[in-house]
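Order of writing sets the labels: A, B, C, D, E, F, G and H. Residues in every chain begin at 1.
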Amino acid sequence: MAGHDGAPQSADLGHSRLDLSRTDRIGMPEAVFAAGKQPQQCVEIVARMLADTDHPVIVTRCAPEHRDALAALAPDGTWSSTLTWRHAPTRPGRVAVVSGGTSDEHVVHECVGTLTAMGAPTQVVRDVGVAGLHRLLGAVDELDDVRVVVAVAGMEAALPTVLAGLVGTPIVAVPTSVGYGTTFEGLTALLSMMSSCAPGVSVVGIDNGYGAACAALRILGPDR
Amino acid sequence: MAGHDGAPQSADLGHSRLDLSRTDRIGMPEAVFAAGKQPQQCVEIVARMLADTDHPVIVTRCAPEHRDALAALAPDGTWSSTLTWRHAPTRPGRVAVVSGGTSDEHVVHECVGTLTAMGAPTQVVRDVGVAGLHRLLGAVDELDDVRVVVAVAGMEAALPTVLAGLVGTPIVAVPTSVGYGTTFEGLTALLSMMSSCAPGVSVVGIDNGYGAACAALRILGPDR
Amino acid sequence: MAGHDGAPQSADLGHSRLDLSRTDRIGMPEAVFAAGKQPQQCVEIVARMLADTDHPVIVTRCAPEHRDALAALAPDGTWSSTLTWRHAPTRPGRVAVVSGGTSDEHVVHECVGTLTAMGAPTQVVRDVGVAGLHRLLGAVDELDDVRVVVAVAGMEAALPTVLAGLVGTPIVAVPTSVGYGTTFEGLTALLSMMSSCAPGVSVVGIDNGYGAACAALRILGPDR
Amino acid sequence: MAGHDGAPQSADLGHSRLDLSRTDRIGMPEAVFAAGKQPQQCVEIVARMLADTDHPVIVTRCAPEHRDALAALAPDGTWSSTLTWRHAPTRPGRVAVVSGGTSDEHVVHECVGTLTAMGAPTQVVRDVGVAGLHRLLGAVDELDDVRVVVAVAGMEAALPTVLAGLVGTPIVAVPTSVGYGTTFEGLTALLSMMSSCAPGVSVVGIDNGYGAACAALRILGPDR
Amino acid sequence: MAGHDGAPQSADLGHSRLDLSRTDRIGMPEAVFAAGKQPQQCVEIVARMLADTDHPVIVTRCAPEHRDALAALAPDGTWSSTLTWRHAPTRPGRVAVVSGGTSDEHVVHECVGTLTAMGAPTQVVRDVGVAGLHRLLGAVDELDDVRVVVAVAGMEAALPTVLAGLVGTPIVAVPTSVGYGTTFEGLTALLSMMSSCAPGVSVVGIDNGYGAACAALRILGPDR
Amino acid sequence: MAGHDGAPQSADLGHSRLDLSRTDRIGMPEAVFAAGKQPQQCVEIVARMLADTDHPVIVTRCAPEHRDALAALAPDGTWSSTLTWRHAPTRPGRVAVVSGGTSDEHVVHECVGTLTAMGAPTQVVRDVGVAGLHRLLGAVDELDDVRVVVAVAGMEAALPTVLAGLVGTPIVAVPTSVGYGTTFEGLTALLSMMSSCAPGVSVVGIDNGYGAACAALRILGPDR
Amino acid sequence: MAGHDGAPQSADLGHSRLDLSRTDRIGMPEAVFAAGKQPQQCVEIVARMLADTDHPVIVTRCAPEHRDALAALAPDGTWSSTLTWRHAPTRPGRVAVVSGGTSDEHVVHECVGTLTAMGAPTQVVRDVGVAGLHRLLGAVDELDDVRVVVAVAGMEAALPTVLAGLVGTPIVAVPTSVGYGTTFEGLTALLSMMSSCAPGVSVVGIDNGYGAACAALRILGPDR
Amino acid sequence: MAGHDGAPQSADLGHSRLDLSRTDRIGMPEAVFAAGKQPQQCVEIVARMLADTDHPVIVTRCAPEHRDALAALAPDGTWSSTLTWRHAPTRPGRVAVVSGGTSDEHVVHECVGTLTAMGAPTQVVRDVGVAGLHRLLGAVDELDDVRVVVAVAGMEAALPTVLAGLVGTPIVAVPTSVGYGTTFEGLTALLSMMSSCAPGVSVVGIDNGYGAACAALRILGPDR
């Protein structure tokens, strides 16, 4: 099947059918979700993507065995469980990634790794949970000129609610599975974020740093 | 069955068995939960309590038909669905009842009505939800000399978390069934409050203003 | 308490504490959620907002008794259960509101009513559920020059997923409580939207047309 | 206990009581569910089935230790965790097994392995998730002459809904436990499939490729 | 938008966008789900369907006000809350609808009403719950020559499991919301049916008699 | 279909298929669950049962309209929503029905009404919730010579746990839907009873006084 | 603290406070739940119980490390994860333990091990799930002279429902965590059993073979 | 950012932003939640806290690798998974920690470890579950002069309810994840505690011994 410019829209690797026209359609390439795939399958997919397209290549949720298999292709300094190649040139529009606690870091990494690969400048504000409100209030000024805020929080997840009462920026909230007591692996944070008394918070799935990055990229818009 | 002072510990009305020694044991009388009882049953219980004990009498969750049946006994100015008689003398130790929104008022009423009947002075701070943080920050000074804070909130219920990061007072949180979207009749607020990232928030059941008042009375202590 | 320009930040009506500085902080006024408030309380709040600010005034989830009480203030042609006054001037940046079925209309109304009050032009595409895919594919072209898509759907809620694979626009998904079988009053739609295999869909609460409008307004940005 | 043809209906192995007359009653033999059984128990069951009946023998959910214990009996080329012996002759009526993503493969295997053992020709269409709709639309023609479609999908599981709006074939949907965010180990996919806005999708349990194969075999009918 | 034969694929009524080509695509017309629609909207939709197509017309979940509004169009003897017009000619292939109890009747009606409109002969076997097993065993012979069994049951919903161990026919199970104790409005029945220890039971949503009929029609096949 | 003594096992009333041989099989007649049946259906069922069998007849969950329709048949003094006719002679073996609160009375009634119809003597101990432990401890002596205890409780449902640590009698626990806060219409009580730290408590469904009576009757045994 | 016969009621081991008077009160000794206890703690508890009482001693949920630590005390032939010492003399009243499948065996073991230690004769009927109904029907005669039936089943758990329609014996149902698809670790079986359409089934917790044995012992009564 | 006394309010370690002013605000220092943090991060945080403040330092939920990394700093005799340094001087006001079973000990440890570090005298009453009520009744006298009771229980969690009917002290209930059957990792205990029929029980999250200690410390008040 061919797209409107004659290039193939899909590539069939047997185990996978790559969506090669996704960047043409929606401005973002198909990312590879490594969990549940064999390392060799990931290698074949990445190799084909590097060969058949000229877009960034992103692999999320890599276990060490995925990373080892992909090592020959990997640049220096990629992010924890998110591996990326052939980054897009830096584009205008900064994204702030704000987190409630140290333990949310794996989600921050996935989000920042994806944004960086796609050329979006990021600004990370860590560990500003609302139990010490002065930490968050002290950081609000840093958010003045960002285009999108990604708010990452676990536990009771009050962070995006408080933020959304302070700034008018789009806020994409990411609940994290961090916590104990009655956090139920992020479900409490998810429900809390979606029930925010502050207007206009929208939410992605638990620990879904990649999804939040994509939502932010959609907001930054097609001019990248 | 008789208590240690020879007074009867229970009274059997056929439909109900009153716990007459509860104040002796735990410092609070048995309250009457009207929902699910016939109005005439409530009248018989209240009449017996007024006759056989000298403690305050409290009826919660009254529908209009309960109120009408109890009207001959009721004092002026009782609270909405909570009816009370023979209030205890005012005692030291003030309780602040802080609410997130106007729609939490039915819970505030039940809590304040119970505290007032038991002689505890109250201070109500309404509609200080965290979406407009200045409202809450502006009210914190008023909490300086209270002995207990009851924090009533629905939606994402961030109020007790933010409060618990600002003051060292005991905080009894009451989730309310107020809200829409994903509030699930108070379940989201309940889970959020119990997962608070701020230390030492304890929680009672959804809309349970009476239970919060009792928890506050336990904290004020036996010297009333 | 006064804001940075000397104007009062809050107004205390006894039952409610209005957040008068919200537009200054986040570009959107506090909306009035009528459900759970007495009609007379709504009238007092709206009167005060019209007197003390110069922003649009929005009341959501009005029952007929709220509408009747507010009738003296209401313009012609307001939207179903959402009443609005003193609309903002029309601003650039169009928002498409796309719905899966006829029964989602109450959410569409709340969303469009809010957007219109805030000056955002809207474009409504109704009843394009994915069971008849040609209806949706035939409507994609209409979405070419919108800045945000609000996707409203109940049942299995596949609409935003299919859309997100076709266009690169920001997509704010609203699950609706429409349906039967195993829709559980919108919970299935909510979970489905948050688990979308298409990248960058973000979600607001069930039936929360107002919240989706606010998320869209944040994306349109402060220059309105 | 003896069946209507004098053959024994059951065989008692102490730990298990085999249902030897199942093929006579419903056209399908009892399959062995290996998970939770000791390898030696599986060997005894399979040996008895091979000896006492002349139907295909199917073992599902084999761990490596089950496979090793059963190795002496296994033919070449069995499917991953599903082991089969003594396949039925090929019969008319083709079954398409369509999957949303690479990670659904374990369910595809169990389904195809069972169908193959029972003599039903299969056609596998992999990785045609709706985020890249052209992949699915490009594959619809391949479904023209199949008698049943088994649709395997995780995440938001929109695949059977979109398919059911395009073809009139029976559609048996299998939710998979694949995913993250809010997929809750397949529960979201299950609910989504059962709430499909497209008519006539029926659903089996999470990851239950075997059950879907049996439902398909029932549809193909007794003439095999 | 026009279909492959030049006829319009959709009709836009403002509030609804009818899927006129559905019978061409999948062999079943779009049914009208009355709940949540205004009676006048239903009348407009039915009138248009009668005018623009020559297929059966089916309206499900009619309240009395829908029935009254549609009365001028209704034939004698339609089924309870399901109204139908212009039935298809009788076709080969009988469907048995088997129910566990008297209280499941509303689901039986919706299913039989839909099948009848589409020309499928039906056979109803009522009130054969497994607590009195002889009732069910006595009815199994009646199922010998049916092509599909729709099994309708509430409570613990053991009916399709027992049936599926006795006959090889396709079994489409419909959980009903009937019951008390821990039936949770059909959820228990739903889970029980999907966890059946008998092979090849597939399930539609709670009380979804219409969906079960459509699944049965897909199995009967396109030659009707 | 005929039973082993030639009497008919079932009676087909069109809407219902009565299980006439149930008492022969399990010692208890089929009871009629009125909720969801039309009053006239109940009348036809009861009339047939009175005519065709000589066992007690029991109708549970009657609304006023069922009671009115059945009035010509009803004896004096039947229990609230449970109607019974032709009681069995009194038999040995007493059953204690113990309840936690006044609001559990509807369940006590259904249980006692059923037991009485079946000839089992009962002893009711009301309103002995564990918050006033002396009430329960004072009543334990009354349980010395009962054969079964039915423990009815809502809220946190600690009653059967405390009882099961004090007496060795069989304890059938019935959770009730009474309560507020986090009782979730009896679900909390159900889970609490099933998680009892005291050995040998068994549980029936929420508010299922009839089921508890039947469990007690099974324990009393066939010699009645 | 001393009981009525002067013997100590409790023994304080520091980590545990043994309930030495339990057999006097309820006819069953306190069992030791090994999971979550250190092996050495179990040894100290068992040694003290053997020394201070003359009742059977029962330890449930032993991991291999518990078994090894207790080996010096253990008799030959104890049951899998349930260890027992000093069995009571055999008493009248047989208990049937009936299971649906081979994988329910761990629960059967715990139940039979406990009953045997307490002197109750048992009869085990394995693997008679309702998908092959003849297996169960063929075994019903074996249940004629038992005093209690313990029905152990996972998956859809129809076994106790079918049994309860066939015999009048007390039926204690035990849901097991066996299964896949939508069994949710026994929750589906639990709900199904509690919603049984057959009268008088009572239920204990998931996999709780010990609790079922205790419920059976209560029914057998104090004369052991 | 500096507090009102010029001391820094926060310290930024890159991965964490310490809340140095928490003791000034709420009388309790920020505790370190080790789970999810790397051991080296914990070492850096503890070192900084010891250097920059003069308050107690508390680390909860330490795995062995955290303990090893922190060993150089640790005093003798710290509690299991809770490590503490630089304890506050002993203060007036005793806290009783009462537990239902031996398996609740990990929660008792976390609670007592925190209280001890903060200078609060504690009294531990172990293994007094309500199945052997004499154990609890025998211990009530020991609670006469405590200021707060922390009640720790799993399973059906009746302990705080029974206690709250016996004493007037504040009761902070901690549900534990101990148990099996239907305890759902503490959820049943949590719901039971929040639904207590005894007045004034308040609850913290599952296994949250630290949170209960903090709630107790708030009640003891600022005079420490």
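The rule is short, and it goes like this: contacts are C-beta pairs under 8 Å (C-beta built on N, C-alpha and C of every residue); 3 or more make two chains touch, one makes a residue touch a chain.
Just so it is clear, the structure is predicted and the values come from calculations on it, not from any experiment.
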Query raised in the report: Can you list every chain that touches subunit B and also touches subunit C?
Result: A
Query raised in the report: What chain lies farthest away from subunit H once each centre is taken as the mean of the Cα atoms?
Result: E
Requested in this report: Averaged over CA atoms, how far is the centre of subunit B from the centre of subunit G? Could you give it in whole Å?
Outcome: 43
Query - Euclidean distance of C-alpha centroids - subunit C vs subunit G, Å - result: 57
Query raised in the report: Taking each chain's centre as the mean of its CA atoms, how far is subunit B from subunit F in angstrom?
Result: 36
Query raised in the report: Using the touch rule from the top of the page, what residues of subunit G touch 2 or more other chains?
Result: 22, 131-132, 164-166, 181-183, 190, 194-195, 199, 204-205, 211
Report summary line: All chain pairs satisfying the touch rule are A-B, A-C, A-D, A-H, B-C, B-F, B-H, C-D, C-E, D-E, D-G, E-F, E-G, F-G, F-H, G-H
Report task. Could you please specify the touching residues of subunit D with respect to subunit G in the complex? Result -> 1, 3, 9-10, 14-17, 19, 21-22, 30, 33, 35-37, 41, 61, 190, 204-208, 211
Report summary line: Residue positions on subunit B within touch of subunit H in the complex are 22, 25-28, 31, 164-172, 190, 194-195, 199-205, 210-219, 222
Query raised in the report: In their complex, what parts of subunit C are in touch with subunit D?
Result: 100-101, 129-133, 155-158, 161-162, 164-166, 179, 181-184, 187-189, 191-199
Report task. Name, in rising order, each residue of subunit H that touches subunit G in their complex. Result -> 102-103, 105, 126-128, 131-132, 134-135, 138, 178, 180-183
